[in-house]
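Next come two complexes built around subunit A: one with subunit B, the other with subunit C.
Right after this comes the complex of A and B.
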């Protein structure tokens, strides 16, 4: 049976020492200089996945709202940016901004409906809306390219070089994550957590619960859209699958397996899952089965996430 | 025009039949165990492939009805096993932890089906055995009538079981207040297993019935679970017959949406859902 004590949410926050951050940034800066270029492409994917997972965690961890349609906003960002370059011919950095704005708008509309529900109903509704957008990307062939994907949307030189693009993504994702962290630590973040822990008490002290959740949903979708619009120019293409429920589920796994109670949890989860997703398919075509086993094990052994596992070991040692 | 509308009405009732069978499973498990069975569609898909695999043996020896009887029983047993071994350990866990084993199941069942039955859809060609039916100038496969009759019958029987039998009373008691029911001596843990088995058996029934029409294919898992969720959200947690009525409403919306905007018929269902959410968030037939 489930033991509720394993998942109390209030825990003192352990601050990472400065040298951790310094060596991490230094490592990220020299990474593309050491890695062979196929791995740099992979590294950019991991950075974008980290942004996707962290933006989702604003809902899952801080808001207690489990969304299974998050990748759809990633798709909106990617498709809008890509389509505007390909079919209208706008400059690519402008369309990346427009793509993000479109994701913000979409998330605002969908969030308006979703935050009316809680718990399992919220899950069902986000899944349904996510698949609705996925269907649009998949079936609206004239505009999105349907199954064949939206292709040939590369940015001009020098941005086609994966090392150059890596640094761009590193800066943008770094800034976005820093901003998101500030939001999480702000009074707004505290209000969001208050609504998660006790909606009625939060309302009673004057927090507009639904509006706070709506704003979080919108911000979270917008950041996913930013990741999507960076993604489309990274690969020069966008496929419906990137917006489908598998991608949403993958983002949830990154957040939940990494550890949704901490800001770094989803980042760790993104690195682990993306690395697995890169390495395992080379060994077997049935890698989803393997991933399923890993998830079940993790659900039993580390229900609070990998980050907490490390903390616990440190405490014991 | 008359014939087209009639045919759409029939196909609406057919899809409503499947919507109901799927939604009833999700609905029962969620009502009793407060557990969101995301893998319900995967169990549905597995039953479809199972029906295909068994059809090679059973179709010649026992006929279609033996197949229709066998698959739900096997799936019910599988459901009971799954509940005992895996799912019950996550009752009462936070939703995000409950989600993990279910996503894992979706992944694993999907790869399992791909491994065993391959990438291509599998069918069971029995549509011809049921001939065609003609009602008021509208001609359609007799099998459609069978599907509608079976699922309508299941709705009535299930409604009777839940409302009138002792077992149904226990189910409603646990759904309403688990701890009070347990305090009164209801073995809620056994009931949870039974309800999960019944839900899986219903997915099995839907799976074996759908194979002659659209075959078993990879990818039907998630579309099915979403359809079931839509019915549960629109209908709310109320009565079995409320769920059946919602399934008919959603089926009608789907079928007539196809006439207006073929590619985006699903949008009409979502419009319906959005409307219900704004006007009546607990669902059309939901009770608090």
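Right after this comes the complex of A and C.
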């Protein structure tokens, strides 16, 4: 019934208990202190992959827009930041900001055209734009280094230390994810889902459907660019492959495997995929077979993503 | 003297290929009335609604709301001119709860879309409850819209339109899919809500019992043109209407179009 208590919130939300978040934060904070250095390098890659997957999921999960060109914005962020350090000599943290801004602009231009198309045509256009940027990174050898990659773009000490860099990335990615989460939980996030579910109904209640999708595309690409500009200073290098369609597909895989219906889904997906891709090759040369097996199993056992396994168990239990 | 119509069209045309779905419609809707649009299938009723709400752009002609030209405005702008609508095929946001559905309409109309730090679940909650209460849906508030029975989805769609705070409400077959015995109750609810808020209602409806019981005025369309307009009594007596639409044996009851 309608009473004052139900006015408090729209819907009682399933929330993780506080200890889950506390132990997760504590774990992330002590991680580089207990892990050997190569694992810390890997942990930074996982954090960046998580940001990439979560930013993509704004489109794939919330917007119902399957983008196959997302890694291109990661590439724009990384290449712009790296090139400005290497060829122009700007301070690295400033170029990381410029790289992100460049990704925002690129995504705004590309998104402007993409959101005008629906369904498979949207997918094709994102793929085409993504490969176009990839080709620029690959062929413009004088500037990007082409196939040989853009190398030796390390930041000054102490940032070359993987533990120090880990904490920087942890803070930046943490803030970015927090901001993205707020956006997803805001009326904008609800509107984006509404446009996905019923575009005509959304327009009929005053939601400018395309503008909402365009904004989502721009934000999504911008956060991918942020991940890219943190990536280039982490490895001191950037290669065209990181911006190509395989990388975009990998980000889609993380989002879908983890669970596109929830904010944490892509984060879980990124951790699982990146950890498997790091550990399994050490055990067997047939690691891609096992990675494929995991994906097939997940598709059957958790078709809406790994995070749903937990939700389902709770409902039954 | 005549009052300025709240909504009117001038020589409105829309063609699909060689077919003129709406062919020179002049419509004039008086403030505060329930104005029904009837006509056989394919008469252009829904096309007319799409034109009035910006979902289709007319090939020719003008649409005026309260004397202002709104021709060619996109739907999300038309609704800000206080014209809200429902759809023939019920359209709600299935993965959101009934309350969230209404909240979203309030949020979009209230300019909350571009405030990323405002939590959606706190936006316009009381207002949304009030609207759900008006359409007698408050007990379903926390259920997902996709899980609601058809009749409740119809009511939710009405709630979404009301949440836009319209002066003009366009209802595209509000009773379709509702069992005949329940229709008078639903329409009484609609009538009550629109009267309480002073909303002008434009209604597409196939059930002639509904039309003749709630409508103040009726416009009859056939093949995209207006063939009659007037009070229910005048329309019922119109020989042209009886010929093309109601059928000789029909006296304001039963199914339309001789089916």
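Methods note: the second predicted complex is superposed on the first by the 295 of 317 C-alpha atoms of A that agree within 3 Å, B and C clash if a C-alpha of one lies under 4 Å from a C-alpha of the other, contacts with A are read in each partner's own complex, and residues count from 1 in each chain.
Following the convention adopted for this analysis, a residue touches a chain if its C-beta (ideal position, glycine included) is under 8 Å from a C-beta of that chain, and two chains touch if they have at least 3 such contacts.
Quick caveat: nothing in here was measured; it's all calculated off a predicted structure.
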Subunit B or subunit C, by number of subunit A residues touched: B
Partner chain in contact with A:131 - subunit B first, subunit C second, else both or neither: first
Touching partner for A:186 - first (subunit B), second (subunit C), both, neither: second
Partner chain in contact with A:256 - subunit B first, subunit C second, else both or neither: first
Subunit B versus subunit C as contact partner of A:145, first or second or both or neither: neither
Subunit B versus subunit C as contact partner of A:201, first or second or both or neither: second
Partner chain(s) touched by A:288 [first = subunit B, second = subunit C, both, neither]: first
Touching both subunit B and subunit C, residues of subunit A: 1-2, 7
Subunit A residues within the subunit C interface of the complex: 1-2, 6-7, 9-13, 179, 182-183, 185-191, 193-194, 197-198, 200-209, 212
Contacting residues of subunit C [partner subunit A, same complex]: 53, 55, 74-76, 79-80, 84-85, 87, 91-97, 99-100, 103-105, 107-109, 112-123, 125-126, 129, 132-133, 138-139, 141-142, 160-161, 163-164
Of subunit B, residues touching subunit A in the complex: 30, 34, 36, 38, 86, 88-97, 99-101, 103-108, 110-112, 114-115, 222-223, 226, 229-230, 232-233, 263-264, 266-267, 270, 273-274, 277-278, 281
Subunit B contact footprint on subunit A (complex, rising order): 1-2, 4, 7, 60, 66, 68, 113, 116-117, 119-121, 123-125, 127-129, 131-132, 135-136, 139-140, 245, 249, 252-253, 256-257, 260, 286, 288-289, 291-293, 295-296, 298-300, 303
